[in-house]
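Next come two complexes, and both contain chain A; in the first it sits with chain B, in the second with chain C.
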Partner chain A sequence: MKARWSSGLLLASLGLSAPALADDTESLESALSQSVVTTASTQAESASSAPATSSTITAEQLRIYGIRSIDEAIQFLALGVIVSDPLRTPDLGARGVLLPGDDGKHFLLLVDGHSVNDPLYGAARFDQGAGIPIDVIDRIEVIVGPGSVLYGSNAMLGVINVITKLEKDYRGGHVFGEYEWDRSARAGAGAGFHFDLFGERAEITAAVEYFRRFGPDLSFDKQAPVFSGVNGVTPTYRRGGPADGIWGGKVSDAYFAEAPMGSLRLRVADFDISVLASAYRRGIPYTYGLVDVDFDDDQSYELDRALRFDIEHYAAASAFLQLTSRIYADGFDYQRRVNRDALQGCFRSGFSTCQYYTAGRARWAGIEERISLNWLKDSSLVTLVGLDARMRWVSAKEDALNFDTGEPFTSSTGVVDARAGLLSPYLQQTYKPNLWLDLNFGARLDVEERISPIVSPRGALAIRPFELTTLKGVYSQAFRAPTWNETDVGTIRQARAGSLEPEVVRSLEGSIEQRVATQRLMFGVFRTWWENLVEPRTLTGAERGELQSRGELPINAVNVVQYRNVATLNNYGYNASWDGTLARGRLSYGLNATAAFARRESGQGSQLLPAAPNFFGNAHVAYVAGGYAPIPALAVSYMNDRLIDRPYVSGFRSTPTAPPIAELRATLSGRFPGLTGIGYRLSGTYATESHGAYTAGNIPEIISPTTLPTLAPVDQYSVFLGLRYDFATGDGFSEPGGAP
Partner chain B sequence: MLALTLGVGLSVGPRALAQPASVPPTVQADLVAKLLPYDRNFEKRAGPIVRTLVLVKPGSARSRIAAEAFKSALSNLDRVGGRPHEERIVNYEGAAALAKSCRSERIAVVYVTPDFDGELDALQRALAGVDVLSVSAVSDYVSRGVVLGFELVSGKPKLLLDLPRAKQQHVDFSAAVLRLMKVYR
Partner chain C sequence: MTLGRHLLLPLAVLVFGACVDTTPIHVEETHKDAGAGTSAECRECIMGEGQPCRSAYDQCLALPDCPEFHQCVLERGCYSPAALEDRLACGQPCIDSIHLTSSHPALPAILALNDCSQRDCRAQCITE
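Then we have the complex of A and B:
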């Protein structure tokens, strides 16, 4: 249908007049302001017609809003995703679902389309542990909702695709350093250049970054010594400290992190080759869940190491047939060393401190072939057929060591040494017959030895009844295969689960998007059903005894969990967003909000989800005057009151909640006049509350049946200053608006 | 399978890098349609019907795909530059022949598809003085002989303009739209 309804009627109804083309550039600015995304369907398309709810965070936003990591970018700028920081690695949630201690298992993290979540733990980090130098990030595409149709396991809450810069956007040399008072420092360098290689144009972008956290000091409320300890001995919580039974006080050594990382991307002809390498060592600032650690111990830590390779090749065999091939290989190691008083931590009296050493290693490699059949040759009717074949190897163990000698005092437990293949064919059909209709249907089949074959379908329809109005409906399904850590690990604290069913989520969503000149408004509703949620469940005495009698659990095991398919989740709600520019693009702003009602159904009945707010959002505004004028920018995130992370532990007088919290970040950035290539940014952050939703210290009912929980603190005030030097960046172009 | 794709990919010869994600053809068409009236010479150039030639490099599948997609996107629009329009895909038969076609058929827009790297110098010379707007989705082609281009920066479409080339081809955009472009001077 060539002719379409005019948007004039709608504009008139909104009291707005259509722009006069000759004098006014609003219509053009509107077209230039739309986002183009690639993650939802693997092809570039306007975000309004993509088969998912999405938001895009740009490199410019990362710079002017004082963003230093992916989780900060999401917290302050993304739609529909919530970030909650337990002072370890941040938890991400969406649509009212946030699972404390999730380690990113329910979000799929991609780097240039390359999947990062490992098969042993399913984990993905979103802070500096993501291992991507932030300077080289071009944009972050955040897709909310199930996304297994093209990407397989883990895409339950959404898909986050970090897309790195091409040489044209990172040309020249770049050096930067930032210092956050009493907290952290960050430094890095990068370069982008092109050259001829065997007669073909080639380009390289490369960056390295080092991040180090050394503060702030954290203050934990002291917990009274009501626990008599093992054999009646009053416990000590500090190595070398008094046996006074008091947990809490000031943490000045244990809240630390260091993260070196590097990326290299080579593009030559139709090849795209990338390498990522990173390490992430971080302290364990407080006892939580089943991780019982000496108080303020700077020698207890977690360590991730990752090395990733990806080679992609695109070939257009004809106007009808295109091929994309990818070979990839990843290595991920995890180590955790947890030190604890020997008597309390491992029931030993012959030495002072025992150390639980957990080590896990995952390797995976595969090949993915994608064939695109362009039936009408004009890209309006395209069938995408893909096959991802992957092999995975995992190993893990846990040792209990004498901290002073480093010698194990028992044999290794939790030993896993396994491998399994994964074969995943998928299909996507797109049909765009005209300007007002987009159809996208597809499904993926994942076949692996550990679970039954599982199908993840998706169907999406986008209709534009008016030029600037889009109505969208999406049905999608996703799954998460249980990790080896959940099924195969058995230690003194965790009983081996054996087989588990994959988690499955089904989602139905609808939205309307309206653009008016440079303004874009979106409102969407969603309804989601989760099945087979895998959670660690504390075993009863009878269950524990049965496992012990079968020799499947050490006889001295007391507090033991086992991963099980224990719950379903139901949630519904809405997302809304508004973004735009005014004053000829100089003033830019955005607002995102999500409200959701989520319930967890299990043997314990219907419950609200721990630590998950039912209303959250963010807002941002910046003014770019041009030239050397400093750019002021303000970003705010907000979440309302929510239950603490362990609200249903028996013994609380009432179900404890954490109060609403807002974080404000004000940033000033720009370039120095007269100092070519030298830029700065100064940023301050303020949080309205001093404590979050994460419990710290001993399990409450053991301390006292009526005590209130100790909550981990929130870093309320911080300021950082950064300088950067960009050189040899010239390409002869002047930027829009005349920025230097 | 990979070996097959490698062979196919390398058989075409030297050219610009494949763009991992470029501005979608529908967005390009929309931008061209909205941009043309801001060219102060557009009315004189186009006449009552806006004619667009979409160039295809013979033997290049990438070029053919881009051409078909852009033509389809443009033909779906009611108006281009506020006027009726027609667009035609043509095999590239040399810069001189193209320049002749532009003059004789009153072509307003020439769309240059990928894999024209080796022809850009000839195109630039032949179109100098010809009253036509040359456009390409390959951002590298701007400053190498094409007047207007598109690129995707942080997920947003951007316009690129080679101002000296624009003057040579009598393309005269108003200051109001130049501020929205990356301009090569």
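Then we have the complex of A and C:
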């Protein structure tokens, strides 16, 4: 089910002339079935010649495979990326590297080329928290591997660019709603139309969406902590509950989320203006890592809010010179409210429940100028020169409050109030000297006050020894600047780190792609080296004592972490994919697989990565009969056994692993005959295992030498039904599947 | 560009205005020095022969710095507050005097005395 792009664009990107292909039906069929990506080099090119391993997920695929969020799209349809859900916001990994609790720091998320990761936490969400109404997504381009050469920090595992629809692809009005039994509901509306503005044609696409999760109930094994409790009082682990020292049971209130979001895109003359606004509030169903929370508490939650603004102006001065200018401004804030028994969690006895309230705010604004020099005016020799100048402001704090009154009982900790500029010139040179060779070289320099200047180079070549065969080699490098949260925050649980080195990843990859008519086969190998990986490291008693004696940690701080450059990673492996269509495009399918060997080297020696499978992949198949016939589609994702997320905590009687898991999603979609504009989709998902790789509960308190970890559950069965109504769509608009 | 200017201002206001408040809160510490020291009833409950906290007290006597620390908090009346935070604030000079950290060998005994005074000698010791 490949997107059919204009043949002119494809032919140009392939460097082939139309007459040359007109005689060769197979070549033309093959060319038209290819994906086009723009993210890898900021210009449209076929995936096979792009300077990276990539996959493109189309709006049509989102619809027929029952996809409702970016992480689902990646899990079921993308190449080389793994999705793992800890029931808060999903972790994404690539090529055998997955970092539990990463919050998206190592993937760069773009929306129409606009960077989303914030500088305070480095975070990007890929579920409904991404804040992009799924109805306006035209395609998702997934680039695997380092991508800082054009985009800067965070693009270590890859770049995910969500490209929204133009008016011509979203014309008319659209109303939709979906209900997932006992789990979630989603509703929204959108419109696409054009009008005259100051004598110019203006186009608007806009959509709003509201998502709400209210289930399912989750079951956690009951645990009896070893911890005896403060002042000898048996701990209570649920707000208002008995002091029985028991953690676990059924979560019926704390697994929730709500996410309102809206997008507006206005194109007028050479301007492209977009606004995104979103909020994402989610419950905290279990204690993990640094977050200690009352069990099944519906008043403990995390909240993101974001407002993003972007104006892009494109000016083609001539066939030789194009200038793209962009002004952008983003506001992102984060709040977390975590309730705990006052005595146990806050060492307070005057009231029953205390609340740790974390608030963080990041704002950034900048201007980017990009000049494209098309030296030979035929796109064969193009120089791209860009400069991104950005200013960032961040602030954060943590308060400890009396839950009942909302009054603070101590002064704020973890206070951050900082700003820093960022200047990033970059250069890319592409050269297509003939029909069988593409060259792409570039580098970006990132200069900011908090770290030493860092260069991210990339070099790639694609050779076509035969017309339908492409050999590709890529060297690329990326970095991630440490976030302010990692360097500057100091609380009772986290010691301030001070300066940290940026993480750096280098990657070497090679691939071969063979196309035969509408079939495409790809096999690639990769090798990457990571340095200076920043992780929270638990302080030893001596380290903690030293900080306490210097007054940098309170005396009652016990389990304290500090972010440090602690590890290197090495990984290598292969990617393979096969996709194509048969029966004149009615039957489409795809298969992606990745095998990787990844090890982490640190002071603790050489270790396998937690929660990261060394084999994973997905497959999908759909049949579009046309007309009003329902479209059946099946997508499967798979990952093999892997260590749990905290396998090396001393006390487990053996290094625990999570079993292989497959998720199957079957979807039926289409339009009702006789009901103009009304469509439906019915989808069911089944997971083969009931538990994943994430440990739940406060391990330092709970484990004993004979204890096995409690693993967070996986939602095994779910079904949803959706209806939509498209109206005033005008001529030329048709829903996927060919129904009118 | 006119359109850009028209849109830029309100959106910039929205982006930069509607944010969470991260202004730090300063709370005046209200911990009290007991000053008058520790009541005889509380001292007896903690240190008296056969009293509930005597075993914890004996444990303290056997460890370096612990007796000095205990004497210090008795003199300052730091067993009187109920909240650990208040006790810590009251006992900060004692903490400083023996350079108490969470890895100090006397800490388990000090915590045991604290727990016991909260639990078994609550009626005799806690006055706030």
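In this text, the second predicted complex is superposed on the first by the 698 of 740 C-alpha atoms of A that agree within 3 Å, B and C clash if a C-alpha of one lies under 4 Å from a C-alpha of the other, contacts with A are read in each partner's own complex, and residues count from 1 in each chain.
Methods note: contacts are C-beta pairs under 8 Å (C-beta built on N, C-alpha and C of every residue); 3 or more make two chains touch, one makes a residue touch a chain.
This is a predicted model, so every value here is computed, not measured.
Touch counts on chain A: comparing chain C and chain B, the chain ahead is B. By the document's definition of touching, of the two partners only chain C reaches A:A557; chain B does not.
Once chain A of one complex is fitted onto chain A of the other, the partner contacts of A:G173 are absent, as it touches neither chain B nor chain C. Of the two partner chains placed by the overlay, neither chain B nor chain C lies in contact with A:P457. In the superposed pair of complexes, A:G241 makes contact with neither chain B nor chain C. Of the two partner chains placed by the overlay, chain B and chain C both lie in contact with A:I327. By the touch criterion stated above, A:G249 is placed in contact with neither chain B nor chain C. Once chain A of one complex is fitted onto chain A of the other, the partner contacts of A:R267 are limited to chain B, with no touch recorded for chain C.
268, 271, 313, 327 are the residues of chain A that lie in the contact sets of both chain B and chain C, per the superposition on chain A.
Every residue of chain A that touches chain C in the complex is listed here, in rising order: 197-198, 230-233, 268, 271, 273, 275, 305, 307-309, 311, 313, 327, 329-331, 333-335, 346-350, 359-361, 363, 365, 395-397, 399, 408-412, 415, 417, 541-542, 544-546, 548-549, 554-558. For chain C in complex with chain A, the residues that touch the partner chain are 2-4, 7-8, 11-12, 14-16, 18-27, 82-85, 88, 95, 99-104, 114-116, 118-119. In the complex of the two chains, the chain B residues touching chain A come out as 1-2, 4-6, 8-10, 14-18, 20-27, 30-31, 34-35, 37-38, 60-62, 64-65, 68-69, 71-72, 75-78, 82, 139-140, 143, 151-160, 176-177, 179-185. By the touch criterion given at the top, residues 2-4, 21-25, 27-29, 31-38, 44-47, 56, 58-60, 112, 138-139, 141, 163, 166, 168-169, 199-203, 267-272, 313-319, 322-325, 327, 367, 369, 374, 376-380, 432, 434-435, 584-585, 732-738 of chain A touch chain B in their complex.
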